[in-house]
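Encoded as structure tokens, the structure appears first; notes follow it.
Chains here go by letter, A, B, C, D and E, matching the order in which they are written, and residues are numbered from 1 within each.
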């Protein structure tokens, strides 16, 4: 096995192996566990760095294992998959640090970190999948590995949330499987190919292909939390904060969104999908989701629930970008995959800090938090402003390209949707900022913990600060080489080549 | 004179059906079992009519005799007959009620009638000439080492069946011994009449003699290991009834060795001829007769012991343990 | 080396070794464990030898007694029977290790010879090419299985064993009646010769109908499953495992053999009927499983459901469908054995198997809960697992033969089973109001179960080898099926 | 028709009569003891007559011997079994029938 | 109709009667008897049909002898189970409906 074909496997193994070992560690061996976690995360980052360099210079990275007759398990690194892999690897490192601080002293940490690593492995697998079957495999694996994280608290509420989560995702997985298999019986291949592999099929199959598209979108839309399949996401908020961060920013919702990108671009091909007439309905669904999610977010008093509905809305941007047939909009959508991830994880880290340090869960209790937790709230503010789309932060870049792309593709209504959404974003984020910074703090916080001179424990503080910094940096340096935006440009040139 | 056998067969067949009807329907279980024994004897007669004397012997000894004894002993251990009979009747009525009452039964009867008619039609539609294996058996009989075709089939042509069947018998014994520790074990120290002991003492040597004869003659005439074994088993049952038990030392490993001797020797011979160079159980033609007799002798012993042990129903050394 | 391998008559070894082991355990009960484990190993090695022989030289016909059919009895090994033998060995070894920890001394004395007898019967059954011989192996199998069920303590197991005995005897007699009719219409009981001589006549249809009903009774296809949940749930855990994993599959194996070899080709209606019953079993079994409050009862009902999958291949009737059903059989056997063993561990640990009182067992028996979950993954048919491959193949067969409604059933069944599996897993994560006394579980019991569960997962990653093995000797025909 | 054939047929018929009577007794007599009495008496004698009748028609001395052995065995078994049944009935407390 | 066909039909009758009795009668001893009757029916069919040709076919005879031995083995097991059921539950029949 050559280096190039081993590399994707190694990237997987760098989190799979620590995960497997951690399961068998006893609770008390904190140091071993921490070292394993951090070493795995760092190694993964390094390997991904190597792959980015290689792919940029045209190196092929591909591993194959026979899985079913005629179908292999294919792990392949191309530009698109690396976008997602990099996001996951960076944010995993941040989340691991955060989780170590967050769960300090709580029970069942070995189990938690074991599944945490497996969950990342599944996400990386989703990103590296070279065909739809491999994608399906890791997609289902993701479902299974996130379930123990959601029910981690072992409470009745957690169990209920877990059940709802499973009901949605397993049903979605089944639809995805049916769609995949049906596609396979028609085309005889499932390998992701730039510009798709279905356009050569006979035109008599078109109605079947539309049906399959609907099946696949329903299967993927569950995880991407498209309306009306988003019901599980707010429920899953009972999970510990690092899990929420991971679910929302990286793993689950992004896996769904990423799957939709893959299907539209590399299975159907964007041009063929447009001729089938399936892109416009998808864009409409995404637009509805954007508005609906924002509206719901407006009326939540629970901070994590508000963030959850905000996720519903923001992930739909990505899909909207894909569904507007045009290269510039595509850039906007794809880059939002990264930008939203970085911003949203910052917000969840901060929400976790506020809950962990002060015992505050409700927005109405947040008066004056900024005075007690200035650094945390600073990070929160940056991310929130980014979400609203304030230049020069990350969110602005995505929205700018989206709007531009819509106009270029002659879909003016999208701009209105974007404008509405931005207004709504402002409406549900700005009151929080106002309350935290400008309202007087209460006499006592509900459940305050003291951390000496610092406002909170450093593993809890460092990750949000870093990701907030990233939000600024990727916005400011959007035109630097290897920035997400430039990388997305690189991707779209291959997808939109005539 | 061709009418007489016809009437005879007709009476035989209808009586058999009538007996079956009676024994399955009579409220008194004791009566049912006695009728079952009569049923077995009648079956034996039919086997003779159908030119199957080997089957007749096996049926009379095993089907009627030993099965009947087994069932009677079981009935005795179930408790007073009046009680079980009334329980049985209650159960009958209850089951009818729960099963949906009369309509359920009516449907069931209709279903069975359809089944019987279908089967009858199937049998009648068979070609009139049997495509059996009688010619094939006759052609190979000279090579089989015996001249009784049934024995040839049992111990040579389809010896593998018989080997597995010995396994079934041993398995049944294993099962009975594993489960046989009933909490209400029957009182073994029932006073046994001197007459029974006398009968046992008189009959046992005779039965041994008959068993030996059946074994010996099985190669060329009706008889063989199963028939001889079941006669031996009958002797064992008689001894058990007369209160005779194996000595404690003998009831352990030596007894077990005798119980498995038939199967072990069968397998050993099969493997031996395989080592000599054929397939499993392929006897060399010259020594086939001797090998078959060897297997049959051991099988007779084991079958007899197993049948008697099945009747006894518990491990002979189990009382020694307690 | 290879000379040695080809000169040994592995077919005979595969049958005789367990039987000899059973006899040895019977003679020297005190050394039962050692003898049985040696025997399990020997049998497994023999199966390995046989596999090598078959893979290298193709399907094998063996004439016991040197006479050959129709006079004598033939043994026949092709990919299909080899697969069954291998499953039996894999599950058999795991169960032997497990049972070593499970049974106390007095019941171990009864268990080992009975279990080896059962193993021998299974191997003999999978090798036989003669329908009367199959009847005897069926009886051997049935009697051993019934006795093993009755080894559990209490009234419930005895009643279930009695019902099971009556059912299995009834099934055998129906089968034997069919054998009698077939013999008298063709003059042979060898499957290959029957396949040549039989044509679609009323007698043949009636005979086959009787045999099918008898076998369905033993396989417990809905609605003839009434005896199974009780018997499988109340048996001792290793016995439950081998009943669900192997014993019900044996009669299914005969059915599939008869169907492929001697059924007249125009059996569309019967195929659809079997598929319909399978679908009903799938839905009914899973729904009943959901209603159960006891873990072993739940798993037993899931067996009823999973057996339904196997029958979906009959209406599809193409090679992909058959391989899918067989792959399902394979992965279900392994996963379900693991699951029953896990349930046995839980039962031993807390002294009960009430699902609502699992009481955070995930912290205290993590290996066992992992076993249950991994086995559950295969049973749900999620990737990567044997169950997924099987479901993929079945679904592909359904789509390719344009019978999409079977696909709907397949997907629905998988989702329903997910519901109960996660119900159990969920309870394993929650504390129960009442604390329970606990008893330690031997490591051998936990690890043997986990090993099987991992095998079930591995079947999803390395499916090409078993799938290739199945095709040795082309048991499903050459073309796209009838 | 030779004289031995006539005698044989007569003996067989006589045996049949005894069997008939014995069976009638078994069905009609009031209690177990009297039924046993009817059965064993009639059957033993009836079988004896039958054996005698058949012995006249037998082809060899060996066949005659076999017939005699059958009769003796049945006598032995029948007598003992009747005794055992009666003893068992007594033990259960079944009182003999009185007019 | 020839006499062996008649006996074959009698065999079918026995089989059907036995089957009916197994289903209908709750008492276990009766069920055991019924299974035995069913078995006899099958055996009768097997041997009777072998009489169709003039030369006797010994293969069914051997099969029936095998079957008889299997039948007594099964009966012995059934009897011991029945006694155990009686010992544990005090009744000689199965509980009517399995617990759901």
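Note that contacts are C-beta pairs under 8 Å (C-beta built on N, C-alpha and C of every residue); 3 or more make two chains touch, one makes a residue touch a chain.
Owing to the predicted nature of the structure, the values given are computational and were not obtained by experimental measurement.
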{"item": "Both-way neighbours, i.e. chains that touch chain B and touch chain A", "value": "C"}
{"item": "Set of chains adjacent to chain A and to chain E", "value": "C"}
{"item": "Most distant chain from chain C by Cα centroid", "value": "D"}
{"item": "Most remote chain, CA-based centroid, reference being chain E", "value": "A"}
{"item": "Top-ranked pair of chains - ranking by C-beta pairs in contact", "value": "B-E"}
{"item": "Chain occupying the middle, per Cα centroid", "value": "C"}
{"item": "Geometric centre distance via CA averages, chain E-chain C, whole Å", "value": "27"}
{"item": "Rounded Å distance between chain A and chain C, as computed from the means of their C-alpha atoms", "value": "43"}
{"item": "Chain centre separation in whole Å, for chain E relative to chain D (CA means)", "value": "32"}
{"item": "Shared-contact residues (touching 2 or more other chains) in chain B", "value": "119, 123, 126, 130, 132-133, 137, 157-158, 161, 165, 168, 171-172, 175, 179"}
{"item": "Listing of all chain pairs that touch each other, if any do", "value": "A-C, B-C, B-D, B-E, C-E"}
{"item": "Chain D residues within the chain B interface of the complex", "value": "73, 76-77, 80, 83-84, 87"}
{"item": "Chain B-touching residues of chain E, taken from the complex the two chains share", "value": "3-10, 12-21, 23-27, 29-30, 32-34, 36-37, 40, 43-45, 47-53, 55-66, 68-77, 79-84, 86-87, 91-93, 96-97"}
{"item": "Contact footprint of chain E on chain C as seen in their complex", "value": "132, 136, 139, 143, 146-147, 150, 154-155, 158-163, 165-166, 169-170, 173, 176-177, 180-181, 183-184, 226-227, 229-230, 288, 291"}
{"item": "Contacting residues of chain B [partner chain E, same complex]", "value": "5-6, 9-10, 13, 16-17, 20-21, 23-25, 29, 32-33, 36, 39-40, 43, 46-47, 49-52, 54-55, 58-59, 62-63, 66-67, 70-71, 74-75, 77-79, 84, 87-88, 91-92, 94-95, 98, 105, 108-109, 112-113, 115-116, 119-120, 123-124, 126, 128-130, 132-135, 137-138, 149-150, 152-154, 157-158, 161-162, 165, 168-169, 171-173, 175-176, 179-180, 182-184, 226, 303, 307, 310, 313"}
{"item": "Contact set on chain A toward chain C in their complex", "value": "23, 65-69, 73, 107-108, 111, 136-137, 140-141, 143-144, 147-148, 151, 154-156, 158-159, 162-163, 166-167, 170-171, 173-174, 177-178, 181-182, 184-185"}
